[in-house]
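One chain, chain A, links the two complexes that follow: it is found with chain B in the first and with chain C in the second.
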Partner chain A sequence: MIRSGPGRYLFLALVALLFLFLLGPVLLVFPISFSADSFIAWPPSGWSMKWYAAMLEQPTLGVALRNSLILGSIVTVLALAIALPAAVALSRGTFPGRDAIMAGLTAPLLLPTIVLGLALLIIFVGQGLIGSWPGLILAHLLITVPYALRVLVTTLGTLPASVEEAASSLGAPALQVFFRITLPLMTPGLIAAAAIVFLVSFDEVVITLFIVGPHLTTLPVALFRYVESRTDPLVAAVSVMMVLFTLTLVVVLERAVGLRRAIGGKAG
Partner chain B sequence: MGRFGLLPLLVLPAVAVNLLTFLWPMLNLAGLSFREGMPGGGIGTDFTMATWRDLLADEFYLEILLRSVGVSLTITGFALLAGYPLAFFVHRSDARWRNLLVVACISPLLISAVVRTYGWLVILGDRGFAPSLLRGIGIDPPRLVFNMTGVIIGLVEILMPYMILSLLAGFGKLNQTLEEAAASLGAPPLTVFWRIVLPLTLPGILLGCLLTFVLTISSFITPKLLGGGRVLLLATEIYDNAIVTLNWPLAAALSLIALGVFGAAMVVYGRIARAAERAIA
Partner chain C sequence: MAAEAAPPHLELHGLEKRFGATRAVQALSLSVGKGELIGLLGPSGCGKTTTLRMIGGLMPATDGRIIVAGRDVTALPPHRRDMGIVFQNYALFPHMDVAQNLSFGLEMRKIPADERQQRVQRALAMVRLEAFAARKPRELSGGQQQRVALARALVIEPSILLLDEPLSNLDANLREEMRNEIRDIQQRLGITAVFVTHDQAEALAICDRIAVMRAGVLEQLGTPFEIYERPANEFVAGFVGRVNRAAGHRGADGRLLLGDVVLQGTGHAGAGPVTIMIRPHRIRLTDTPPEGIGWNSATGTVTRRTFVGDLLSIEVALGPASLLVEQHTFAGAVVAGPGDAVRLAWRAEDTLVFPASPAGVFPAPPAGVFPA
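So, the complex of A and B:
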């Protein structure tokens, strides 16, 4: 459309500005985390590592981080264990109501998390699940199983069915075909699904906010509460660690399947 | 029983999770809006329209609904204006760079909304980046956080990746030779844009707008933190009624209203998309 003259430079300048707008909030957290001030101020009056030291001495956030890592790991294992059989059934089987089941299983992603959180809160209070590990795990399965299912169904859809057919026509039993042929071929999809489930669980805040109790909280919820009450560069230091952690996972994901394909369908 | 006779049974664990954490809680929520909230968090046991009656009679909630829809439309508009040039640039860039640029556009999605909202506090806060920049060029900065301005700026950025993804998905039909043909026949650049580029990318635009609108309505973290409790929207009202004032029937009714707004947005999207399709074809 614009490929010459001053128009092109204007367009490029606009694009650069928009990229800065998009990435600015994440980028500025890095310098602020080295601020020597005890409040957010730009430019900082001096530089220091004191907020990183403070982060290590902050018991609440440390425990919350540990909780988030444990929760993310448990949820990743369970979500894959639940979604993988379902994905196999939905993509290899032909039975009535298959499309409706797929739609129903991914429906939670279409609804606002604030509504899902409230709905869970009310049920969980009655069952004594508020502020408990089973409650948190169930709440995170609600939103991670649909993601895992979507990635795995897509993965199975792109696998050539002919290899499986060849194996079973040679007399291999169905289970053996699955474990010896299908599952190894699915490895990239499984890695992607695991990474997405972990990230979604690790970042989930709205639903979790309804479910946590005074003695059991996750890192995003603890950060939310912290930022709600005061804003000092401590959160910047924690944010930097979270961004670096996420970047590592993204590199793994990109290597395994390509980021765009992996989160292309994410909607909420 | 064929070879796949037992195969459908494999969906059962996933269905069980869905029933337990989704269907049951959502049906229960809908039912709860027909109970009455008692002072101190109690809930009446009888079927009543009282919650709905009070809600619909109270202008405060009508105001919140209208404000939520208005703010969401504003944010959707800004996200489109900001996302379109970026998506266009990414679409047209060399294959070599395109992947990297796409990752740059959507990687913010993978970073916690709390972190990104905190980033906006760093930029917009009273002693933050933007006010100090404005002071540097001699402008007395207006208040940028703990008001509607902050919420709008923050949400436009936070939801922009969804808009860009939708636009990129819809840019597939865009063909440079069409534009070149039009330009070589003497069409000025703006005419080429209005008559060729815009119609071809309209499906992506509409999808991006639907997605951004719906996500804004359900956004909670950013309005809460950047609004500083002064920006009252549907989502923040739901939370406050559920957690602070403990009026669950009211929170449930407000949730159903939010779902109603979702449904309405999808109907409007469907109508516009069909009309656009007819107009282009």
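So, the complex of A and C:
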């Protein structure tokens, strides 16, 4: 670590530059959203709130937002319902192929999303799932369950087995041990998993692009479509709302459970 | 001791645990009387925890049977064994306060709420933690957590109490206090208990009987007195208490030789190379050694003298061997220093003789005192 002298300032400058590079585009969105122009330009010729007003009057984006929120909520509940028993089985059970199953279940994280999207398109077309709620939910579960599983397996891995053993020695059958001991102790991990699943679902574009239909679309996809045809600062206003929403969720999460602790650590 | 005469309450018959090729516990048989506190003593990795976990049902036995009060519990899951377990890391429920921790086992037994509360209060009083009922475990000191763990295991009035190195996470002076507290409570309740420890002093201090284990095998089962004074083999003698260890020889005529000194000893009588073990504090430095049968004496040269306040440690070279002699100090005592010739005397019954161990069993130096 550089502690003093000009090296220290150079180091700080480098860090600042890096932050600017990573966050610059996001930060730029904020002033542009207050632009009075009718196209995206820098610097704006004037300032106004009109794009925020326009946002509220945009029916497609409003519906898409509602869809994204509904989708995110359903996917969060289902992803946890699937990942929780799987995580318990994977981290408490001892059976052959345990590690292989864990690897298989987290594999979608490593696949290029475009490949996943194409694969889903091919499968869904035949089943009539394109542009349908079940199709969207299935696709988002495929992407989010691995995240939930990783977080929950990590959580379970940090719970000392002896606490559960103590409960069973005190007379608690397996289900009681789970509901009275394991589950309450998993709360931080469950909250973290829920937030991550929701954010991933809320943010997902690539795979969703393949399977949305004319009557059912999500906010990120609607935004993507919007900028294909127009380049007004409305998207900037929407982006600001999305950034603020995501940030709020992350901050609340960090305060509540310590996000880094919940998602960090080893998976097995 | 009285507890020995009690009818067996816990019996292990040929208990065995294998992990792949590792035989963590081998054909372990012993029986524990009602109200008896039995210690499982041995070095780390000798199978103590594994044994305890099999008794508590936390780990299936590979072979053998576990009988409690005449009933075979080998196949029962832990929640139906009625045993209270105190874990090394306490394993308190972090999301419950002290009273809830204690109440949990009673709820599982469907004890009505008012009786539950009374029993929790009594248990808290027993470990002197009445004022801490509403604290969370993380708000307690190590010693207090330990007492909560003990109270939680006892409040259900289990048929057997199992303790796995319950004191190893406490600092030294608290450890001594807690071990006496555990012993007091155990005797007051008259509960059968199995106490796992690797600390021989702890085991000697509070156990009715001690089972000394090594590498999954029961080496000796006996009262603390028997274990200390009549160790069954070189391992037990070396593990329990401090002891000098020297290579000797017993001739075909039965004469026991340490170098060229003829000794009288107790134990192994077979001819051939032997190991002679003598506890340091049983050897006296004296100008007038007691004569006659029952006493050994020899002359050696002091090689080192260490003053540690209440004790004086003197190392004496005696032929090929080096013996450590420990003497309690008193003001005005005249003691020998390095280079002085001294006369040593000790009793024949303190001269433990064992067949010489095969090379490699003890990596310690071939002679001297151990544990160091």
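One rule holds for everything that comes next: the second predicted complex is superposed on the first by the 246 of 268 C-alpha atoms of A that agree within 3 Å, B and C clash if a C-alpha of one lies under 4 Å from a C-alpha of the other, contacts with A are read in each partner's own complex, and residues count from 1 in each chain.
Here is the rule we go by: a contact is a pair of C-beta atoms (placed from the backbone, for glycine too) under 8 Å apart; a residue touches a chain by one contact, two chains touch by 3 or more.
Note that the structure is predicted; figures quoted are calculated from it, not measured.
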item: Overlay on chain A: chain C relative to chain B, clash or fit; value: fit
item: Partner chain in contact with A:227 - chain B first, chain C second, else both or neither; value: first
item: Which of chain B and chain C A:191 touches, first, second, both or neither; value: neither
item: Contacts of A:171 with chain B and chain C, given as first, second, both or neither; value: second
item: Which of chain B and chain C A:39 touches, first, second, both or neither; value: first
item: Touched partner set for A:252, first chain B, second chain C, both or neither; value: neither
item: Partner touching more residues of chain A, whether chain B or chain C; value: B
item: Touched partner set for A:54, first chain B, second chain C, both or neither; value: neither
item: A:69 touches, of chain B and chain C: first, second, both or neither?; value: neither
item: Contacts of A:163 with chain B and chain C, given as first, second, both or neither; value: second
item: Minimum C-alpha separation between chain B and chain C after superposing on chain A, in Å; value: 7
item: Chain C-contacting residues of chain A that also contact chain B; value: 168
item: Sites on chain C touched by chain A in the complex; value: 56-58, 77-85, 87-89, 91-95, 104-105, 108-109, 152-153, 156
item: Residues of chain A defined as touching chain B within the complex; value: 1-2, 7, 11, 14-15, 18-19, 21-26, 28-29, 32, 39-43, 81-83, 85-86, 88-90, 92-95, 101, 104-105, 107-108, 110-116, 118-123, 138-139, 141-142, 145, 149, 168, 174, 199, 203, 205-206, 209-210, 220, 223-224, 227-228, 231, 235-236, 239, 242-243, 246, 249-250, 254, 259-260, 263-264, 266-268
item: List of chain A residues in touch with chain C within their complex; value: 160, 162-163, 165-173, 176, 180-181, 184-185
item: Residue numbers on chain B that touch chain A, as the complex places them; value: 3-4, 7-11, 13-15, 17-18, 20-22, 24-26, 28-29, 32, 82, 85-86, 88-89, 99, 102-123, 125, 127-129, 132, 154, 157, 160-162, 165, 169, 179, 189, 192-193, 197, 211, 214-215, 217-218, 220-221, 224-225, 235, 238-239, 242-243, 248, 251-252, 255, 258-259, 262
